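Encoded as structure tokens, the structure appears first; notes follow it.
In this document, chain identifiers A, B, C, D, E and F correspond to the written order of the chains, with residue numbering beginning at 1 in each.
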Amino acid sequence: MFKRMNEIMIEIPEVEKPDANAAAAVQELLGGKFGEMSTLNNYLFQSFNFRSKRQLKPFYDLIMSITAEELGHVELVSHAVNKCLNGSTKRKKPDQSPLEAVKDARLSYHFLAGAQGAMPFDSMGNPWTGAYVFNSGNLVEDLLHNFFLECGARTHKMKVYEMTDHPAARAVVGFLLVRGGVHVVAYAKALEVATGVNVTKLVPIPSLSNKLFTEAHKYEEKGVHTKLYTWSENDFSSIDQIWKGTHPEDGLPLEVIQGAPEGFPIPDAPAVEEEFAPGISAEDFKEIAKRLKMAGNISE
Amino acid sequence: MFKRMNEIMIEIPEVEKPDANAAAAVQELLGGKFGEMSTLNNYLFQSFNFRSKRQLKPFYDLIMSITAEELGHVELVSHAVNKCLNGSTKRKKPDQSPLEAVKDARLSYHFLAGAQGAMPFDSMGNPWTGAYVFNSGNLVEDLLHNFFLECGARTHKMKVYEMTDHPAARAVVGFLLVRGGVHVVAYAKALEVATGVNVTKLVPIPSLSNKLFTEAHKYEEKGVHTKLYTWSENDFSSIDQIWKGTHPEDGLPLEVIQGAPEGFPIPDAPAVEEEFAPGISAEDFKEIAKRLKMAGNISE
Amino acid sequence: MFKRMNEIMIEIPEVEKPDANAAAAVQELLGGKFGEMSTLNNYLFQSFNFRSKRQLKPFYDLIMSITAEELGHVELVSHAVNKCLNGSTKRKKPDQSPLEAVKDARLSYHFLAGAQGAMPFDSMGNPWTGAYVFNSGNLVEDLLHNFFLECGARTHKMKVYEMTDHPAARAVVGFLLVRGGVHVVAYAKALEVATGVNVTKLVPIPSLSNKLFTEAHKYEEKGVHTKLYTWSENDFSSIDQIWKGTHPEDGLPLEVIQGAPEGFPIPDAPAVEEEFAPGISAEDFKEIAKRLKMAGNISE
Amino acid sequence: MFKRMNEIMIEIPEVEKPDANAAAAVQELLGGKFGEMSTLNNYLFQSFNFRSKRQLKPFYDLIMSITAEELGHVELVSHAVNKCLNGSTKRKKPDQSPLEAVKDARLSYHFLAGAQGAMPFDSMGNPWTGAYVFNSGNLVEDLLHNFFLECGARTHKMKVYEMTDHPAARAVVGFLLVRGGVHVVAYAKALEVATGVNVTKLVPIPSLSNKLFTEAHKYEEKGVHTKLYTWSENDFSSIDQIWKGTHPEDGLPLEVIQGAPEGFPIPDAPAVEEEFAPGISAEDFKEIAKRLKMAGNISE
Amino acid sequence: MFKRMNEIMIEIPEVEKPDANAAAAVQELLGGKFGEMSTLNNYLFQSFNFRSKRQLKPFYDLIMSITAEELGHVELVSHAVNKCLNGSTKRKKPDQSPLEAVKDARLSYHFLAGAQGAMPFDSMGNPWTGAYVFNSGNLVEDLLHNFFLECGARTHKMKVYEMTDHPAARAVVGFLLVRGGVHVVAYAKALEVATGVNVTKLVPIPSLSNKLFTEAHKYEEKGVHTKLYTWSENDFSSIDQIWKGTHPEDGLPLEVIQGAPEGFPIPDAPAVEEEFAPGISAEDFKEIAKRLKMAGNISE
Amino acid sequence: MFKRMNEIMIEIPEVEKPDANAAAAVQELLGGKFGEMSTLNNYLFQSFNFRSKRQLKPFYDLIMSITAEELGHVELVSHAVNKCLNGSTKRKKPDQSPLEAVKDARLSYHFLAGAQGAMPFDSMGNPWTGAYVFNSGNLVEDLLHNFFLECGARTHKMKVYEMTDHPAARAVVGFLLVRGGVHVVAYAKALEVATGVNVTKLVPIPSLSNKLFTEAHKYEEKGVHTKLYTWSENDFSSIDQIWKGTHPEDGLPLEVIQGAPEGFPIPDAPAVEEEFAPGISAEDFKEIAKRLKMAGNISE
């Protein structure tokens, strides 16, 4: 089971700088083969199907807890997409073609299917698919997969960072470079524990350091790359048998934190009337408010 | 953000009654168009993209909190699949064809790609896809969609229940009929609040009552169908402005419960050597145990 | 069985205003999840699989006859796409790159696979798929689906209308807003007859009236939104047991018309030599004309 | 525009011989790459995009009119699927697993998604897709494609005929071998007219004659293979400039018939309560009957 | 079995004229339904499954040997894509957005998934799929398919040629028009041998001659269109029983050449640091060089 | 460029033991995500897009040459599929339902689309897709991917081996376990050279030795697992800077062999008349033989 918090992992800059194609690029990090939907669901299903979990508890705890963080990453990237889309169109009458401004945008689904919101597809609009989930059941093979997946995910983030300097995209991608980097190291260390081979020496792949990305660097300065959370008040603590020692890149000591990091308020999204979202008129709001306050059933 | 609990929503019967095609049928409820992956991701993305959430807080809270329950449903169905697969094959030497017993099973991915574990695909092995997510941004349209989606999901559950009497499948599907039924009513009530139209009168669709399904009936007797959880200690409480009055089928009073229901231990899954899962020998276990206990980095 | 008429539902403006990305947008209404291919095929297959049709004849007749109109909608949208593409390129020699003008167009299939003609794909070029067809067999559930589908289809039309003011696109989309609106109401009324719940009160979804779209308004002024056709000389007349009373939005009396509406000539499409379409030279035409006039087999 | 008739092209044997895997095989002829959905939609879109139709009227008329017949073929194959499914399950209480009888059926969608009805997918449950539509715009190339497509479609029919002797499947497939054979010859003749090359000499591909298939032979004896219909009272008559001379296999004179062939009543489909289809109780029927008879709006 | 040569079929102009959308267009010829991946794999699988190969040796040899040439075509088109992408971005620090220049490029996968290299997808980024492979096993039907496939492939090449005058694209596409034209004729002749029908008279489809495409014409002047290679030192020579007589367009005598044509050096591709490709620093190169020179295992 | 040999890598047992579901299982090794089509195309495209190949020649040579071997693997697996299908049906008249014997086979495409031949799809009939190709351009990341891919491919082979003891499947899969194992080690060694990390110590994944699979063991006894071929007479020799030292499992010295291994005759496939393959009658053969012997064009 999971609980939900009404919070998000970082504060995303409130800026109106509409850039539909930047939003499309960020979608790759959401619904692409190496996007957050993929990391989330790989670990989610691996956690369901984990065998011999008592004997392999630290590995099980690792997969269980990282899954929870990935949900927060999916959330974060989605809000980055939304911020890039914010302000793309202006309120006009239908005959005045309020959506013409985005007719040439690469990813039409944002405007025709949705109302300028993130969706589980990639930068070309191709939907995320369950075929991206790998789970051989073999511990070493699954860890190797996860290590590779996180390296691939990191590369994609580096490229999206380089493709747009939209403040919201940069803030989120920079942060995720750091958190994704934590997962790269976590799976490398897990592989080391499982096999004795010094896989962490491969890190980072690509060899460019996060520290060269200003928006990532600012989090590494605060040590964000050294902390792994259990995302549970009481469970999954044995991840400290894997997440231990020092960080392979800068040698800082690693730390496991029971629970979740402090969060930030989730951004508000304004109405977009030309997209009929949420499509509630002032008068409707009044009627709805009345019905919300009614005791008992609304209609009989 | 989300937290994870090391618990599952119900106790699943521990039974070894391998039935690969029953497992395949249950997969429809996991990765099918109307499976739990669909309800989960529809609400997840609708929650990210929700507009005017301050003015429409009870609706926002509804979508936010139901998402969390859906994660638990994905988990539950996955374990049902696993229980149906449990014992499908026997340990033998490779030359003795240990997997021959499942050569004719309908869903070969369970055995060739995975190690007899649930995956995000449907009863024919077609992967769940992000194209199943709908989010127009229009409040009434999204609620109408969700109401329809839950009715469809309910129908699929009824059919899977009728297709197999595997105890684990029955237990999970029976329970989910009830909880899914709660979501049907929740969206019907939300539509009523939003529009004033008595949509709950349409319930149940199909008109067959859950009470005719023994494994669902036993939960309705306990009132499980009258409770909606916030899945958060403090947030999302305003769902009580929607989840109020009485249940449209039996007239019992509805109740919102802050937090999550009590959970049960997640089932253990045994090693399946003929699938190399987890593929750790007795000797490996010893080496791993040593490395887990080491202080600091494993290798230098 | 179906018969074909050499006519189309409205007159489409003859204008050369090439706009490849407008054509791409209109494709969403053709091959998208909520496009005309979807409404067509949903009703087509529901009509094939309809159970207890004698007892439920008015519902059966409704599904049977609407299917026929949808074929005309698929046709209409296709011609709108074609008109938007018309004139995109100029005749030049191959070495002069006659297709360079459309190299940056969003939907390359229009130019590389086809010869600037409509195809059953959506605004991103993803093909329409049979996975968009829903048919539970349960009458209420299927009607609910159809009602939702038509609301979604309407929303997409509103957005495409707002995205381009191309005269052909506007003319077709405006008209289809009205006819699609008829189907929204028809399924709402059918749901009312089947369940007694006043679903028509939900209409319109989104709440913006068609009358705010000039190209739709002009048809509503003529009462086009009050008429439902049987699309058959003799059959399907019992739809008047569902399509009765008044229109929920403006209270005008509803009317069933036996047969089909009057049609208009189908637009001609000029040769596009740089696309080799139809690729018949003046000399070829002469030879072909001769062979067409021959009695009996052409070659022995 | 199209009109619909409440008739079907042949009488399908009323037999209860449930065979779910035969139904799955027949689906290949419906939603497979070479199924009736493909022939239908290829010609439908080619007809929309036809260029220089005035100069090439007989070819245009051919594509226009054959499209209409293909709709009837889609209908026919769908009913064949339904007849193969008919009786697959028995009415029982949910706890008695009424659908267990079909748990091992190859195509689970028939039972879990639908209520034992035909759907636009192929023999493996993969949905028909718009990617199967070809339309280069080049007359000769499109005719060559259509000729090839019809040969491929014929081959698939021959194989399905050989795979099951279910009376309904045999009756429909036998008939469609003949009518599909007509389209093979029609496109061969069209190619001859367009190019002067004696393509009809290639017929039949594969070289096995329809006459060796008893259920096809019986229609050829009646000359069904020599007739091409305009599927319109007044239009498309110029197809007689292509469909002329003699049949390449048996030398019988070819004939164009204005209009459609005589049809047969469309089979009834019984309720399947264990699939909730149509899910209308005796009491519901009464209520519905009342509402159908009401004058004016059902609810206010 | 296959052998590989470190050579490519033609010399591709070394030019830096980055044009991401031209690259996208060329992708259609690589991974599109009518791209080189399709011709390659159709013949590859037809060759594996060929029945009665002793009695039909010249046909078998034809399919076997053409497959090998298609591998060279896949290679050639890939390098054309690469040349169009060459120079798309400039080396900058991550914060300076080195990939911003391609943010609006139609095909984001080139930049986010890959490092500006060709991939097996089409001009819209949709992946090549095995569903494009046809193999009925019937000799005449497969030859007819291949003839049609090559005509379609030719048409696509003509359109891409017309869409961009990028020197590398033109050089490759011009050459492939000629070599693809050879395959058109080869399958036409094979059909003639198999059936006696003069299919070659249909050539060329579309009727526009290759000679109107300067970059194709220059190869035809050298007679490239008259030669068919065995792509083997000793085998497949009986293709000369099919590839004989004269070319249907210009009447030149046809010639079979044992072996492969002379090749050219494969172009070098420079490092693209902003894409981390190959991502090897100067220092890394030194370390690698050392390890390459070591005798025996690198690490113990 | 590639050359083709009329030979195959091993001798496949000539046995008639039809097992359609075994054939379906083997398809996973052909067109599955971890099948030979995937290894082939990953290396093929990586070789096209290789950057800085002069400085990284041994790596380039490795990718170039392994690609060629993978073509031979695709061929081998395809013939294994064919052998499993061999004899599935018997020659009968169409009315006698010659294909009824395979109506319940899991993979209907083998019989309805093809004529009992291998196709590029997986064990569920889902087509291989270009989305399975990974090429980041980063040398270390691509090598890591390839290492992981080969481990996954090995696991799949082990499972298919365990699923069927069909002699042809066993022979091929056993051999490929060995050759695939060579590629596992090759990429591990390449990673070691590139990074200095002792990745080969991870081998084998899963930890079960090939030597426990009798059909693999027999090849390892001959040292087949110690040899890497250049698949070229003259090129790609620098792979000996990577393939050097000893085998990580048994310590045998590794060896590079210039050229290709000795091959074996490709199996004949008999006609299957009930599938119309090749569909050439005795009389047709005579006519064809005549036309093959004609000098010059067949028809004028």
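The rule is short, and it goes like this: a residue touches a chain if its C-beta (ideal position, glycine included) is under 8 Å from a C-beta of that chain, and two chains touch if they have at least 3 such contacts.
Since this is a predicted model, take the numbers as computed values, not measurements.
A.B. asks: What chain lies farthest away from chain E once each centre is taken as the mean of the Cα atoms?
C.D. replies: Comparing chain centres, B lies farthest from chain E.
A.B. asks: Using mean CA coordinates as chain centres, what's the gap between chain A and chain F in Å?
C.D. replies: The mean C-alpha positions of chain A and chain F differ by 38 Å.
A.B. asks: Nearest whole angstrom, what separates the Cα centre of chain C from the Cα centre of chain F?
C.D. replies: Distance between chain centres: 47 Å.
A.B. asks: For chain D and chain F, what's the span in angstrom between their mean Cα positions?
C.D. replies: Each chain reduced to its C-alpha mean, chain D and chain F end up 39 Å apart.
A.B. asks: Would you mind listing the residues of chain E that make contact with two or more other chains?
C.D. replies: 33, 106, 113, 124, 126, 131, 136, 138, 140-141, 155, 196-198, 201, 206-207, 275-276, 279
A.B. asks: Chain pairs in touch?
C.D. replies: Every pair of chains meeting the touch criterion: A-B, A-C, A-E, A-F, B-C, B-D, B-F, C-D, C-E, D-E, D-F, E-F.
A.B. asks: So in the complex, which bits of chain A are touching chain F?
C.D. replies: 33, 131, 134, 136, 138, 140-141, 144-145, 147-148, 151-152, 155, 191, 195-199, 201-202, 205-207
A.B. asks: Applying the document's contact rule, which stretches of chain E touch chain C when the two form their complex?
C.D. replies: 21-22, 24-25, 28, 32-34, 106, 123-124, 126, 155-156, 158-165, 206-208, 212-214
A.B. asks: Which residues of chain F touch chain E once you look at their complex with the stated criterion?
C.D. replies: Residues of chain F touching chain E: 1-9, 31, 37, 41, 44-45, 48-56, 58, 64-65, 67-68, 71-72, 74-75, 78-79, 82, 113-121, 127-131, 133, 135-141, 189, 192-194, 196-198, 200-201, 231-233, 235-236, 241-242, 244-246, 259-260, 263, 268-272, 275-280, 285, 287-288, 291-300.
A.B. asks: Using the touch rule from the top, collect the residues of chain E that touch chain A in their complex.
C.D. replies: Result: residues 93-95, 97-100, 102-104, 106-109, 111-113, 124-126, 274-276, 279, 281, 284 of chain E touch chain A.
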